[in-house]
Each structure stands twice: as C-alpha cells, then as structure tokens.
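These notes open a run of structures that come right after.
Next come two complexes built around chain A: one with chain B, the other with chain C.
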Partner chain A sequence: MSWAPQTRQTPVGKWLRNPVATGYTGMALGVFAAFLGIPPFTSRTATWSLIVGIIAIMCGIATVTRGRKRLGLGAIATGIGGIGLGYLATRSSVDNLNIVFNASLIAQTFAFATPLVFAAIGGMFSERSGVVNIGLEGMMLMGAFWGVWGADVGGSWVVGLLVGMAIGAVLALVYAVFAIHLRADQIVGGTAVNFLALGITGYFFFQLYHGNYVSQGVSTIPNIKLPWISGLHFLGPAIGNLNLMIWVSFMLVIASYIVVFKTPIGLRIRACGEHPRAADTVGINVYAVRYGAVVLSGVLAAAGGVYLSDGFGGGTFNDNMTAGRGFIALAAMIFGNWRPAGAFAAALLFGFSSAIALRLQVYSPSASTLFNVLPYVLTLIAVAGVIGRTVAPAADGKPYRKQ
Partner chain B sequence: MSDFETDELDEEPRAGSAPTPQQHFAWRFGGASDLLTPLLTTVVAFLMGGLVVALTGKNPIRVYHAIFTGTGVGWFFQVGNHSARIPFSAAHMWFPWDTGSAAATNLQQTLLFTTPIVLTALAVAFAFRCGMFNIGGQGQYIVGTIFAVWLGSSVASLDPWLHVLLCIVVATLAGALWAGIAGILKATVGAHEVISTIMLNWIAIWVGSYLFGAGGPLQGSRAAIPASNPIFDGAKLPVFWGLKLLQGLSIGVFIAIAMLFVYWVIVNRTTLGFAVRAVGFNPEAARYGGISVARSYFVAMAIAGAFAGLAGAIDVTGWEYQVGPADLQASQIGFIGLAAALLGRNTAVGVGFASLLFGALITGTSSRQLDPTVFRPDLAGNLTTIIQGLVVLFVGLNLGGLWTWLGRRRRV
Partner chain C sequence: MADELVLEMRGIRKEFPGTVANDDVDLDVRRGEVHALLGENGAGKSTLMNILYGLYRADAGEILLNGRRVEFASARDAIGAGIGMVHQHFMLIPVMTVAENIVLGVEPRKGFLLDERTAEKRVRELSERFSLAVDPTALVSDITVGQEQRVEILKALYRGADILILDEPTAVLTPQEAHELFEIIRSLQADGKSIIFISHKLKEVLEIADRITVLRRGKKIETVQRAGATEASLARAMVGREVLLRVEKAPAQPGDVLLSVEDLHVHDERGIEKVRGVSFDVRAGEIVGIAGVDGNGQTELIDAITGLMKSEAGAVKVAGRELREASARKMLDAGVGHIPEDRQRRGLVLEFSIAENIALHDYSKPPDSKWGWLFPARLVERAGRIIREFDVRGGGPLSAAGGLSGGNQQKVVVAREIARDPKVLIAAQPTRGLDVGAIEYLHRRIVSERDEGRAILLISLELEEIMSLSDRILVLYEGEIVGEHTPDVSEQEIGLEMLGGRERPAA
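On to the complex of A and B.
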C-alpha cells in the first residue's frame, strides 16, 4: 500500500494498534487497580484505583473496537472489578487489611494451588490423549493416604512419595484398562475410581490407624529455605520458605508445556486426543499413548495428594482428605483450556481464592465460606462460553477401537 | 451386544452428527433390562469386597451375615401370628409379621435410606434416557434439602398438610431449576453436562454450608451450633411405622415408590418420554423427526432434577428435620443413586431393586445396626463404599468389548 499516506510508527502508536497488547495491558491494569488499595501499597483513597481502573477500561474498549471482543470485555470487567475491590479495600481498616493481605498470602496461595497444579497437569495429559479423567479426585486421595503411610512405614518422605505415586499409577492403570481396552464409559469408570479410592483409603485408614491421626513425627516433605531471599522484606515470607513440592510443581508446568507442545511425544499425545484414527494411520500406537498418559495422570494426581497429606498437611491424613480438590483440579484444567500454563494460572487463581477465604474470616466467617464457590462458578461461566469458549480435545472421552 | 461391534465408535467426530459416547451409553443401558449382567456385577463386587474382608483377617461369610441381619430384610421371612396397629389409628388387626421386632426396626432404616436413593437414581436414569449423564444428583438433592429446611423452619402457622406439601413442592421445583441450568447450558451453548453438573454440585454444597454454617443466614437460634433450626412439626411427614423420635419410617417411602411408577409412565407412555428417548438414541434423527432436541435436553434435566430435589425434601421432612454444613459435605446420596441407576439399568423395576440393595447395604453396615463384635462398623461403612465402587466399575463395562478382547487374546 505504497500510495497510502505514511504515518510515522511510534512504539506507542504501534502498541495502541495491537488489540492483543492493549487487552492484556488492560487486564493487568485492572488487577493492579485492585492491588492499589491493599498492602503493601495501602493508599487510603480510592482515587488511584479509580484512575488505573479507568485506564484499564479504556484499554478494554480500544481492544473491543479492534476486533478482540472477548479479550477486551475481559479487560473491561477486570477494570470494573479492580475499581470496586480497590474502593472496598479503602473502606476497610488497615489492621484487617494487614491480616488478610501480607506476604504469607502469596506463600499460602502456592500451598493451596500446588495439589491442584499436579492433578490438573495430570488430567491435562490424560484428556489430551483422549481419555476423560473424572477419577482425579480418587487418585489424589489414594496418593494422600498411601503417601503418608509410606512415609510412616518407610521412615522417609521419599518412600512416601514413591509409594503414593506408585499406588496412584496402579489405580490409574486399572482405570485405563477399563477405559481404553474394555471401552467402558469413562465417566462411569471415573466415578467408580472415586468410590473405590474413598472406600479403600477409608477402610485402611480405620484398619491401620483406627481413624485417628497418623502417629506423630512422620517424615514430611521438607521446605526449601532460600538463604539469599528469606532475609528480604517482602519476598522472604512470600517465597523464601516454600515446600519442595511447590518448586517441583513450577518445574512440572514448564516441563509439561515443553513436552506437550514442543516434542514429538507431545504431538503424539495430542494426535491421539484429536484424531486417533489418523494417529493410528501414521503408525502411532494409540493404546500405548493413552495408557501412558492415563498412568501419568494417576502418578501426578497422587503426587499432589502426597503433598496434601505429607507436605501441606504435615504428615496427617483424615477421611476423605481431598474433599473435592480433585474436582477443583479438573475445573482448573478446563478453565485453563487444556493447557499447562492455563491450568497453572487457573490453579493459582483457585488456590488464591482458598487462601483468601481463610483470611476473610476476620471480616465475616460465614461469607468467607461462600468464597469457596468461586472456582466452580468461574468454571461454569467458562464452559458456558461467556468469557471465551473452552475447547476440549476433539476425541476426548471417545473410546478407540483399533482396526 | 453384537450391535456394539459396529464401527460407530471409531468414526471421527463430526460436528453434531456422529453419535456421541453418551448415546452409545443410552443404547447400552437404556434398553430392556438384562438381568444377568447386574446380578453378575453384584456377585463379583461382593466377592471382591469379601476378599478385602478376608485380607484383614475376618471371616467374610460371618461379616456378610451380620450385615444382612443389620439390614432387617430378613424380617419378611419371619412370618408368624402377630397383631399390628393400623397406622394413624388405635385399632389393631391380625398381621403375619411382627411390626415391633428388632428386625422391623432395622428394616425401617433400610427403607428410610432406600427412599432418597430411589429418587436420586431416577434423577440419573431419566437424564440417561435423554443421552445425558447427570452426575449432579448430589447438588440437586442438596438444593432440595436447602429449600425444604428453609420453608419448613421459617414459615410458621400453616395448615400441617399444606406446610409439608409446600416444602416438598418448592424443593422439587428448586431441584428442577438447579438441574435445568445444566440443561439450558447443554441446549444453548453445548456445554458438557458432566462438567456443568459437577460444578453445580460443589456450588450447592458450599452455598448450603454458607447458609447453615456459623453466622449464615439460615443458621438456627443456637449460635454455637452450625446447623439450621429444626423444621416445625407441621412440616414433618407422618411417620407410619416406628417411633418419630427414633427415625421411624415416614410415608415418604410411598412417594418414592409412586415416583418409580411415574418415571415408568413418563418414559414409556407419554410423548415427552418418547421425545426424550428419541433424543437419547440419536439427536440427529430426533431433529429430523421434528423433535426439539434443545427442549428435550432442558426438560429431561429439569425432570431429573425434580426427582433429586424431591429426595432432599423427603429426607428433610421425613427424618432429618434439621441440616448442618457437615451433613451436606458428607452426603453421598447422589452418587449412590448414580450407582443404583447404573445397576438398575435405568428401568423402574431395576432402579427399585438396586436402590434397595444399596439402602440395605448402608443400613446393614451402619454403627447402629451392625454387631461390632463381628465387624467394626467404621470398616464396614467403607466396605460399602468399596462395593459400590466395584459395582459401578463393572456395570459400566461393555461386556461385548470384554468378550471380543478375551476372544482375540485366545486366538492370538
């Protein structure tokens, strides 16, 4: 278009023309607007939140008018939410704010999110290969019980982790045989896995520990102290003393992103989930890939469970310990659109909502209970397609018959 | 099972036209009752459960016998010469069974637990008939519970029959609406009903925990106890067998039996049921036949939810009378109903018997009924869950697939 009048492309102009950039900037500003009202900033007027929030909304409008409707609407919603939360925060007392929003909130968010991250990444592998895994909850529960049992009997958290993951793998293998070879309905099979895990862990918990606490002094998964960070003002309490499994979960997210999207193995897994017949035609062993993915999902979900009992829980177990965390992980995977980074972000969001629900008790103990519905409501909205459709792998849940 | 050897399952997914696994599921489970598979499933599950018992050093036969005694089902075989009070009157009449025996008390509990299982099983079964997997019976049951408790404990000075009727009707409608959300999402934007009903389950659990929990709007007058107020006497269903104070059997069991009949009539004798089944078999064909698929999805889910909401209402008005967050979070009734619907193959008769089996199993292993010298009730309760899991695992099995798999192995 050489005949068009040439406008000088400044970096700002370029940025303004890119709807993706404005959209994400708007979202970031919206979140920032909310944070302006709370520690460590604690500006005591809502003005700054209002200004930043309005900029976020303007970015959103710019994005909508340039065609990225749902990104823009998301930015507008974040901006409005940011202004609202920032305003609410300025209305609250500084003491309460300091109890709710401090550096350990970040550490707690990670602690709550980590079991979800493990299970959600596991579920993603299974579903990417074409097997729906409703049984994440059960696999996690098995990991939680047998992990702490292994640590108790074996005397080391390493043994516990290995035992938990092995039992998770066995349960996943049973499920895989039913779902893949016997082509049983996967939702039914997953429900059965959840029942079985609840019954088996409960049975042996009462048989071995009489339904009481696991004996004191079980070897627990250690925290990692970062000496050069733990002395710092804000970062120290936030990330200076996190559990080993939290760091492992960060690495797991990166590793699973690389495996799923950058390696031939990941391509095979995704091919089996999108079009198993085509995958079979080019020589991929669909059954083997699916078995591998389902067993891996069991191992990962169980690892999340071991963290829950032997890391986060400090070496305890109680009946039905996971209490729906497997389903939140499932929700995180769906909310994250079957992607490792998305699942991680969703798990962090859901972990944050759990962590903050605990802390909001200084305002109202009953209303903080209500905060627990957040993951489920958000996921329901996501599957309803209000904020962008989530797209499952095409052959997800469909048994494959080799010819 | 030979019709499942067709290649349908292998077709690549075409948008909206190829039958989904759910429809295959409806074919597999929606047809005429096949008696052998459920019986075989049950036997295998009990054998494997017995294996677990044996592994922990107990005699499985003695354990199962103790559980059976605890269920009170043996009451039917204890025929004699007795007299029984006619319910709701002072008159007595001759009766072949002893209505006051220990077995009778146990049987009351069994039937008490069977009632909600029947209804939540119908909630699953009805959605199955429309090719949908309603895993949200638990949430719909809880929503029914919430509304029944709310109306039962807050609306005073009503005519008793009107009051209990109000509780039950509103709770049923609430359950229908709750499930209807999933139905609408499926019909309009195609959101998978399994995901949406799971989410709705947990939303119901947490909202209920908030309402009845400490400081919640529906918490009872005693601030230290996180539970609702008990419902008024007028909102309680009449108890016709046993003592009201000791969880006697209310007439809710007859409502459940009536609903089995209603289910059969709707599915087999109405145009609505025909449309639902047609959509369940093949939505594309149903659409060509002039049936509104979207409407069927919504209506099927709403009716399913109504059954589950009714279950919650009957539990509240029949024996629970008050509810706390712990009850909501520990409840598994919706999932047991799922197991019963699978085992009962979505037929009215099958659901009835399967629900009785699970209701009896729960009662027989409860700490009130099971003889603790034979087997610890806490273990037995978990044994029940294991058996349920095994039943669901095996009943979801495509036996045709199993035979061909074994056959192929034999040939190789």
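On to the complex of A and C.
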C-alpha cells in the first residue's frame, strides 16, 4: 500500500503483524497441542502440549492486541483446550490410546463425514439460491430407504443410487413448489418434509420389509481398493480402502466450488440468493434457478442417504436411519459459511467427533454422548460469531414475489 | 439531431385492482433525445416504464420500436430489443464485484467457466468510452452511491441499450453527483442514445430534458418542448391546479433554547462511531435544518436524540433539563415529537387503524385508558377530530393506516406528533416520497408550527427542502457538523461541504 512507509520486511515480520495470520496459526497450534498426546506422536508428558499450547495462547494475545478480538480469543481458547486435552491424553494408557487413535480413525472420519458432505453441499446450493432447506434430513432419509430398495429390487447398487437420487429429487420438487411458488414458510415446509419422509419410509419399510432388516446380500456401493497404497503402513488403513462415495464426495466439493464461484450459472445462483429482484431485472428466471438448486439439493442429500444405507450401512435400513444427520449437515454448511470447502472441513470435523464418539463408547458411554453433541456446540459458537461471523446469503429464506 | 422516432407507445392502458394506472397514454421518443416523464407519485410513470421494460403487460395499446411493433413478455425481451432501465432502487448485489454485477445474465464464457478477465476488460472499455469512471474489480459494497448509479448505467449499456430509462436518478445523489450524472447523460446523448428521464423535480427536468411529457392520475396531460416550459407551467400540469412552489415564511423569531445537543457521540449497532461529537442548539420558533448525504450519521443522530439509541457520550437537553439514560418514552414525555424518516416502518403500524395509530403514544394514560382498560370509543372520537383538523383523506378513524396514500399516512404521523403539543419537533425526511401537493401542505404546516413557538429540527436528504425551510443550516459530514449557514448560502457551497469540503476525487 502506497501510504505505508516502505520498510524492509522479512516474511516472518510481516506474518507477525498480520492479526488474521497469527490468529489462525494460534488456533492450529492449539489443536496440535491436543494431538501431541495421542498417536502417532504419543508424547507421554504434558510438557510438549503445554509448550505448544502456550505458543498458541501467545499468538492469540498478539491477535487480540492487534484488533481482531474474536479471532484472538478463539486462538486462546483452543490453546487452553489443547493443553487440557493433551494433559488428559497423558493420563490414559498407551494401549487405550492406540485403540482409539489409529490410522483407521481417519477412514472412519471420512465414512462418517461423507453423508454430511453430500447433504451440506446440497443445502449450500439451495441456500445460495435463496431457499432455506431444513428438509435435508427428510430427503436424506428417503434416499437411504429407496436407495436400498432400489439396490434390492434392481439388483445393483447403481440402480439403488439412481432410484434414491430420483426420489430425493421428487421430494425436493414438492418442497420447492411449496417454498417457491406457494411462498409457504420455509421452516414449516422443511419440517413437514422431514416428518413426511419419516412417515413414508417407516410405512414402506414395514410394508415391504416388515420392519426388519433388508434381506441379506443386497448389492452395496463398493469400496475402492488402491493397490499401491493399501499395503502402506499408515496410509493403507487410512485411505487405501475407502468407499466409492467418499471419493465422489471429494470430487463433489471441488466441482461445487467451481460451479458456484467460477461459472455463469454459479453467479446466477448467488445473485438469486442475494438479490432476486436484481437477478430478475437482468432477465434471470429466479424461479427456475431456485427450483433447480432445491432439486439439486434433494438429489445430493439423497445421495448422501444412499451412501448411509447402501454404502456405510452395508445394505441395511432401519427406522429414522439418518437420526439428525441432515441437521448436522445443515450445521456444517452454516459452520462452513455457505462455502464448499468450509462445509467440507466442518463435515470432517463433525465426522471426526462421531468417529471418536464411537470408539469412546467402549470406555465411557457418557463421554461418547458428549462427543456427539460437539457439532451443535461448534455450530452455536460459529453462529454466535466467535471466529468471524458467518454470513448467510442476503435473501436466504425469503420467498420471491415477481412484480 | 434527426427527428427519427425510436420508440412509440400508443394508447397504453393498464389497470390494477381498484385503479387505472395508465389510461390511454401515448409517448414517443426520438433518437438522441432526453425525454422527461414528469408526474406526481402514483401518476403512472413507473407503470408505463415497467410496461416498456417488459415487467408488466399492458391491457391495451401497442409499443413500436423503430417503427416495428413489439411485444415484451419479460425484461429479457426488452433488454434484447435494446431497452435498459436504471431503477430508482439500485438492483446491485453488494457482495459481488462491479464487473460481476454488470455481466450478470450475459456472462462472457471460457468453456463452461465464467471469463472474469474478459468481463473486466469489457467493462473497463465501456466505462472509458462513456467516461463512467468505476473500478470493475471493486466490490459494490465499497463504492459510493454515485458510482453505483454508474454501474447501473453500464449494466444497461453492456447489454447494448439504445433507449435508457432512468427512474428518479437524482433522488439519491448530492448536487455535485447530479451534475456529473447530467454530464454523463449528455455524453450518452451525443452517442445517439435516447434517454427517458423519470422525475418529479421540475428544476432538473428543465435543465436536462429536450421534451417533457406530463402524466397525471394515469393520463397523459401534455408533451411540451423544454423551450417555453416553466416550473410553474409544469407544476400546474402535474397537479392540476396552481401550486405554491416557494415556501412563504416570515423571518424567524427565535426564543429560548428548547433542544440542546452537547458533544454527542453515537455508535451504530456494529459499534462504528457514526456521530462524532455533535453540538448544536435549537431555539423556540426556529427551524434548524441538517443537510448531508445519506449515511453520514443522520439516522444515529435522530435515534440518539429521540431516545431510540444509546449515546456513548454527550448530553441531550430538552428545555434546559438534561435527560440521562433517555428512553423513547422519556423523550416523548419531555415534549419531543418525532416524525420518523420511514413512516411505513417506524411511523405507523400499517395494520392498525388510524385511531389506534394516533393513540400509540398516550394509550396508557387517561383519557385513552384507565386502570389498564382501553376506551376505543374515545380513541375514535379523538381520531375523528384530528382527521378533520389535518384534512386526512382516504379513510376514517377505523380504516387501516396502510390503506392511505403516502401523503395521508404522513399527515397521520404529523397530526399525532403535533396534537401532543410538543416543545421540540424532530422531522426526519418529512416529505420523502410525497408528491408536490402533499409537500406543499407539509412545508406550510412545519412553518406554522415554528410560528407557534416550537423548536424544529429538520433532517432531510433533499437539499432544496433544507434550503427553503430552514432558518439555520448545519451540514453533517461523517458524523461531524462541518458547517453552519444562514439560508441565503449557495447550494454549491453546501454541496461541497456535504462531500467533506472538497470535490470527490474521480474514482
């Protein structure tokens, strides 16, 4: 900047002066402090966590004094949390730690995160176009049931996936008619979709499968075995044998980023979510864009559901199988600030906490339940604006009335 | 200039439930002409233009473009035919860049991707060609209102507009910015573009237009050449009767200080300091006008004085008494009347009846209520009296306030405030969006309230209103009073101060 005195700056000096950089570094260090106590590091004294955590807190203080109060406080909090968790880890035996924290934890994190990724990306499309979609849960549930049914009846997981996505699209279309054309309250409409899906899947599950497990041997979505990786020491169990849908979800994140931020259609979707009248006056069909985005959100949420039942679940279904995952996906989308990469990161974090919760069940069911609450706590923190406020599209949730 | 007609609208008729918005309206526009469309609010200007722009469909009549009959089913059709519109409320997306806003809907592509570089290049070329200086990569939320308007014009030009509709383009501009806009309009005109200039301001119409078409109550009254038209003749055509354009008032007889603001500091809800140490007095029997561009702290200043917002520091005294921890209720009780800047959102409860709206301040006291029991009959009786006194038309005490016209809604607000006999009256944009007749009434009323001995603080974005009503003028810029003047100051001088005492550097 021209008005600043031109002094020679080392990269480190520059970095120290930038409160955003120090803030995020502080947070990263805080998280790292917690990890020091667990495999693969497995430090047996709390000293290392303490040192790293204190550096994190110092970064936080530097950030606060340079004006970014919220970010700095966040870094200080993660630093303190990191020291605490690091200390707790040293109190536990190495054997226990090795059972909870191993390479397959990464694989499991992806497995838990993937349904969230699909639904969160779907929700992002819908909300970017200006329609709040809390019906993700229901659309996911429909995908989960009809996906297994399709795989069972059609004899192939491909059929299951297509059927599940198609049903998701139909349910989303019904919701879109209410939310867009009839201008119904979107929260009420979305809630109705969730209960509708619960009722429909429950009824047909009883009618078709007598409420029992779907018959054995349903074609399931296959895992992708990477021969050149699966033999490796750490990477093998981590990513050597992941489900096809997990890889698809990675690609979905990249593709949706490009679509939303780099293509004309993405520009139009965002325009409809920010200022539909402006979009209308330049000849964009706001209704068409919103219908498209909502239906796409249904397709994606349902794909997440199919993965849940026919991939992750190994071809089973049970009543209310999604159990709130649609809402967690919504939370991930908000936590990720309506951005694909952000939503993906949040979904991974939530997936990680689910994976941890599953493992902790062996030791302490109560602690495990606590971990399941983590996504909601984090979302509350995000919405309250501790780490930079999340900003929804300006016209999100507001029905558009053509003049 | 050739007299070639580029646009003819013949016998346009449009009905809405209950009203005829356009009744057999004709309009023709020549190539390279600035054609003003003049009329009061509700005269049918916007309806006519929305029909031309494809947003409404006419019930009858036809549109001829370059001699050929056209039908527009949507804005897209109109844009395709070379018609561009700059709406009164800008249609821009704050979180997107200037270039993104301009190319939205007709994006240059590279494969299936958006070609941002080409978009920026084309916008830059266009802005140079028509000397519409804007930075294509800037976010719209970061640019000034004047620049936003240029972006809107560029948006239309980018789509190849030959006919440009400008809907009340100067409503949001400072005098300097308006002057720049007129320069832009002239350069567009020189390029062969035709401009339809919608306005209800007589002065600027006479300055910029070649021909003027006057609408009144949905009907075309006349189309005249600028030469020969006067403010008085146009006002008569617009309103249908002789209008007193100048505010008649005797010199002020200032008395005691009734409102005193001392070193007031106010933060907005995001914690940004919007009022930075403002001090002034308003005496009984004088009108003090605060001029300034929108967003320079006017709203926060009013809200702090009326107790709607907390101030960080400073004092507000009413009739010598300092009000600490003021609330809106305390301020009302201390004798401060408030005509809020947005009558529909803050002045009235639109769903309530006129009687209920009038009782909003005193509902909890006798005679309106006693022991927590409301007496609706008394409310209605009082409202009836006030409606007669203030000549509110279009409804009785029990009709919903939302059903009244803008001018009559404002009369209800003003009547409610004045009927309480306040010592201090704060009028924030009292005539915003009102037509000439209603403005005339309100201005006269404000002056007569001054003569009753009230202290009046007038805040307005319309410099003309400030200049014609005020006995003293303060200029507010970025939360500070940067000038104080008597009303014989020139518009240019105040205009400069409104921009911080210097010309805005060309962006």
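By definition in this document, the second predicted complex is superposed on the first by the 392 of 403 C-alpha atoms of A that agree within 3 Å, B and C clash if a C-alpha of one lies under 4 Å from a C-alpha of the other, contacts with A are read in each partner's own complex, and residues count from 1 in each chain.
Basically, contacts are C-beta pairs under 8 Å (C-beta built on N, C-alpha and C of every residue); 3 or more make two chains touch, one makes a residue touch a chain.
For clarity, every value in this text was computed on a predicted model and none was experimentally measured.
In the three-chain model built by superposing on chain A, chain B fits alongside chain C with no clash. Once the two structures are overlaid, the count of chain A residues touched is higher for B than for its counterpart among chain B and chain C. Of the two partner chains placed by the overlay, only chain B lies in contact with A:Tyr203; chain C stays clear of it. Once the two complexes are laid over each other on the shared chain, residue contacts for A:Phe234 go to neither chain B nor chain C.
Look at A:Val188: by the touch rule set out above, it reaches chain B but stays clear of chain C.
Looking at the shared chain after the overlay, A:Gly211 reaches chain B, while chain C stays out of its contact range. Shared-chain residue A:Tyr363: touches no atom of chain B or chain C. Contacts of A:His275 after superposition: both chain B and chain C are touched. Minimum C-alpha separation, chain B to chain C, in the superposed model: 5 Å. Across the superposed pair, chain B and chain C both touch chain A at residues 275, 277-278, 394, 403. Within the complex, the chain B residues that touch chain A are 7, 9-10, 12-13, 20-21, 25, 28, 52, 56, 133, 135, 185, 189, 191-192, 194-196, 198-200, 202-203, 205-207, 209-210, 213-217, 219, 325, 329-330, 335, 338-339, 342, 376, 378-379, 381-390, 392-393, 395-398, 401-402, 405.
Within the complex formed with chain A, the chain C residues making contact are 50, 55-56, 74-76, 79, 85, 87, 91-96, 100-101, 103-107, 109, 112-114, 155, 159. Listed in rising order, the residues of chain A touching chain C in the complex are 258, 262-264, 266-268, 270-271, 274-275, 277-284, 394, 403. Residues 132, 134, 178, 181-189, 191-200, 202-203, 206-207, 211, 275, 277-278, 320, 323-324, 327-328, 330-331, 334, 364-367, 369-370, 372-373, 375-377, 379-380, 383-385, 389, 392, 394-395, 397-401, 403 of chain A touch chain B in their complex.
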